[in-house]
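By letter and in written order, the chains are A, B, C and D; residue numbering begins at 1 in each of them.
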Amino acid sequence: MIPISWYLILAAALFSIGLFGVLARKNAVAILLGVELMLNAVNINLVTFWRYNAPAEVTGQVFAIIVFAVAAAEVAVGLALIISIYRNRNTIVADDLDLMKW
Amino acid sequence: MQNPWIYVGIFVLVGLLIPIAAIAIAAILGPKKPNAIKQSTYECGIETVGDSWVQFKAQYYIFGLVFLVFDVETVFLFPWAVSLNSLPLFAVFEGIIFVLILLAGLVYAWKKGMLEWV
Amino acid sequence: MTFTQVLFLIFAAIILGSAFMVVTTKKMIHAAFWLITTLFGVAALYAMLNAGFLAMVQIVVYVGAIAILFIFAIMLTRKDLRDSDTPLNKNWGVAALIGFLSFGGLLTILNNWTGLLKEAPELSSGMDTISDLGVALLSPNAYLLPFEVASVLLLAALIGSVYVANQAKSE
Amino acid sequence: MEFWKDPITTIFDSLLKSFTSGGMTEDLATVLIYLIGILAFISFAMVLDIFLVWVERKVVARFQDRLGPNRIGPFGIFQPFADIVKLLIKEDITPFGADVVLFNLAPIFSLMSVLLLWAIMPFAPKMVGVDLNVGMLYLVAAGSIGTLSVIMAGWSSNNKYALMGAFRTVAQMVSYEIPMVAALLVVTVLAGTMGAVGIVEAQEAVPFIILSPLAFLIFLISAIAELGRSPFDLNEAESEIVAGFHTEYTGMKFGLFYAGELLHSFTFGGFIALLFFGGHRLFGLENLGPLVGALIFMGKALFFYWVIMWVKYTVPRIRVDHMLAFNWKFLTPLAFILLMVTALVGRIFLHSPWLAPALFISNILIAWLTIEYLKSHARKERDQAEASGSAPATATQH
């Protein structure tokens, strides 16, 4: 059988890769892809703890479903903003979006 | 073998294997004589101009957006639908409120004219 | 090595490998397809954890909707970043360092935790997770409020993004 | 005769016995038997697919007042085998600039997304691959893999028409997925379970077509749209965008798309039979044994396959704006209203003998109100058009 640590280490690695993507990618859409990876890592943790600690209750699954809803909302608004910016400024390189920079 | 997903996993494997086998047999049996004309992109016989990077309507994105929100909604509704008969009548109204709130979003997009294909 | 352990390692390799490709590949559309591979791997993990409902939700919501939306957005914005450019910004070294530090930090925290080698308890047979989930989502002393708030959140996301996209269209 | 009552379990047990007696562990033996069973099952599906090609060509010929294939074998029944030989020995062309890996994966995924549906099809009690308790979500998930394959094919072909066709198809498939899922939710509410076997069992007394005829109509329309068959065949509108997302595909890869489409139609016929027409039941005939039940099920699936074909070859293609407006402004609100009413009525009349009549009447009521609303709406639109002096607009549905 698989000890819980395997899942947790996998989730930690996935989270770190996602974090790297968020910080290092130029393309704004790619940054959102990194955020998706991080959210998935969180969800793996939630489901793992549900399965290993309290499979009789559904708390972990409810949390995971709420995370799905949040991820969907984040993607919808985030991509709409990116498309809007692209239409107005004709770029999606995150570094070039510095209108608010002083 | 209490996990039914093992069966599904094997199904996915075999389901991948059979089309791959079909393509592989075709690749072995078929002739291979490529030339430039044959491999050019088929666009009604007219010379292809540029690559296939054409600009798309933002409209596709709007439909994708509305779809995404409703898709997530149905995910919430499936547990509701399964457990409906073992819950008090009150639960039905909770689900109805849930649906109505989202239909309000659809009405908003409709009134804003975002569902028109222009 | 038991059968399930080998299976886990295969899925873990798929998830981590494709996640690495997501953050490093040049072509954006490939990044999206690598993300889809990652998502399938995570769905397989959920199935291994006996959370079949979540595995299906993962595929329906992530692969069926979120990934499709990503591909639409990439198609709409790709005139900008040609694929020949480097996909990473100039601070990628620092970013990699932070990534390693976060992984190391998480491992340290895990290392100090005692419950690491815990094994999964047996599931009681005859358990219907979906029905329980529905009851939990709908009873007022459990998760009724998050359930309704989720619909408000989705409504807000829909209105907000439709509004923003509408601005973009009228430009 | 144990075999006639439960053929699958009998075969499984005898195989398991002979495998484990050879010194194999039980888990490994089970996996091996699954593998053998699934191989046989999918091979059966593919052979059925070949037969479906013949049915399709024969039926379309009759619709168009032709004879159809009639040279090879009696009634041309061996024609599809000749087609397969042709597809196998044709040259496989990959266009310049194509993304080779995705280009090859797309047809594979397209066929796999259809084959996956067969895992949960209950042909008869105890003749089902696996009884998942998330069956209906599994159906939707397999559909999203199909959507993915369309995007892959369109993008990797490096062809403008293929890409446009893929985008149209995807917009259509995702749009019509919403009313389809709502219809599935109605069925789930009625059955109280998501599993395919449970849904068939719940139709013991009354099939769901009587409890919710509107859900059946919504499911049928959105299934046709999901399949991309006429009148929703904008994805391969050959007069506009050559052949849509599979323009660049040749030989066996094209064959896989084609086979996937036909098998998909048949599979949806099967799902209509199991969701709304009681699966393997036919006036008590199913009591003769599971094999008879499976035959009845296949017959029903074939009938609905024929209905889908009938629609395809009778109704002309609709315009893309009408297609999307019909879905978002008519079908989706209607489906969700139906869901709310069904949940309410079904819960109030739970365990009462009035359940079936109440549900049926509420469905009729919703249908009647919808038609009245559409009538008044169309009248208003005509009046407006006449008042503005232009030619009377055609009555479009909104």
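Following the convention adopted for this analysis, a residue touches a chain if its C-beta (ideal position, glycine included) is under 8 Å from a C-beta of that chain, and two chains touch if they have at least 3 such contacts.
The structure presented is a predicted model; accordingly, all values stated were derived computationally and were not measured.
Trainee: Out of B-D and C-D, which chain pair has the most contact pairs?
Mentor: Output for the comparison: B-D.
Trainee: Would you kindly tell me how far, in whole Å, the mean C-alpha position of subunit D lies from that of subunit B?
Mentor: Computed from C-alpha means, the inter-chain centre distance equals 14 Å.
Trainee: Once you find the CA centre of subunit A and the CA centre of subunit D, what distance in Å lies between them?
Mentor: Computed value for the inter-centroid distance: 33 Å.
Trainee: Please report how many Å separate the Cα centroid of subunit C from that of subunit D, as a whole number.
Mentor: That pair's centroid distance is 28 Å.
Trainee: List the centre-to-centre spacing of subunit A and subunit C in whole Å, with centres computed as mean CA coordinates.
Mentor: 6
Trainee: On subunit C, where are the residues touching two or more other chains?
Mentor: Expected reply: 50, 52-53, 57, 60-61, 64-66, 68-69, 73, 75-76, 123, 129-130, 132-133, 137, 150, 154, 157-158, 161-162, 165, 168.
Trainee: For subunit D, write out the residues touching at least two other chains, lowest number first.
Mentor: In subunit D, 27, 132, 137, 167, 170, 174, 177, 194 touch at least two other chains.
Trainee: Would you mind listing the residues of subunit A that make contact with two or more other chains?
Mentor: Residues 65, 68-69, 72, 75-76, 79-80, 83, 87 of subunit A each touch two or more of the other chains.
Trainee: Quick one: do these chains touch in a line, a ring, a star, all-to-all (complete), or other?
Mentor: other
Trainee: Sort out for me which residues of subunit A touch subunit B in the complex.
Mentor: Touching subunit B from subunit A are residues 65, 68-69, 72, 75-76, 79-80, 83, 87.
Trainee: What part of subunit A is in contact with subunit C in the complex they form?
Mentor: Residues in contact with subunit C: 1-10, 12-21, 23-27, 29-30, 32-34, 36-37, 40, 43-44, 47-48, 50-52, 55-59, 61-62, 64-66, 68-77, 79-84, 86-88, 90-95.
Trainee: Under the touch definition given earlier, write down the residues of subunit C that touch subunit A in their complex.
Mentor: Subunit C reaches subunit A through residues 2, 4-5, 8, 12, 15-16, 19-20, 22-23, 28, 31-32, 35, 38-39, 42, 45-46, 49-51, 53-54, 57-58, 61-62, 65-66, 69-70, 73-74, 76-77, 80-81, 85-89, 91-92, 94-96, 98-100, 102-103, 106-107, 110, 115-121, 123-124, 127, 129, 132-133, 136-137, 143, 146, 150, 153-154, 156-158, 160-162, 164-165, 167-168, 171.
Trainee: Which of the residues in subunit C come into contact with subunit D in the complex?
Mentor: On the subunit C side, the touching residues are 3, 29, 33, 36, 52-53, 56-57, 59-60, 63-65, 67-68, 71, 75, 128-130.
Trainee: Given the complex with subunit A, which residues does subunit B contribute to the contact?
Mentor: Per the touch definition, subunit B meets subunit A at residues 58, 61, 65, 68-69, 71-72, 75-76.
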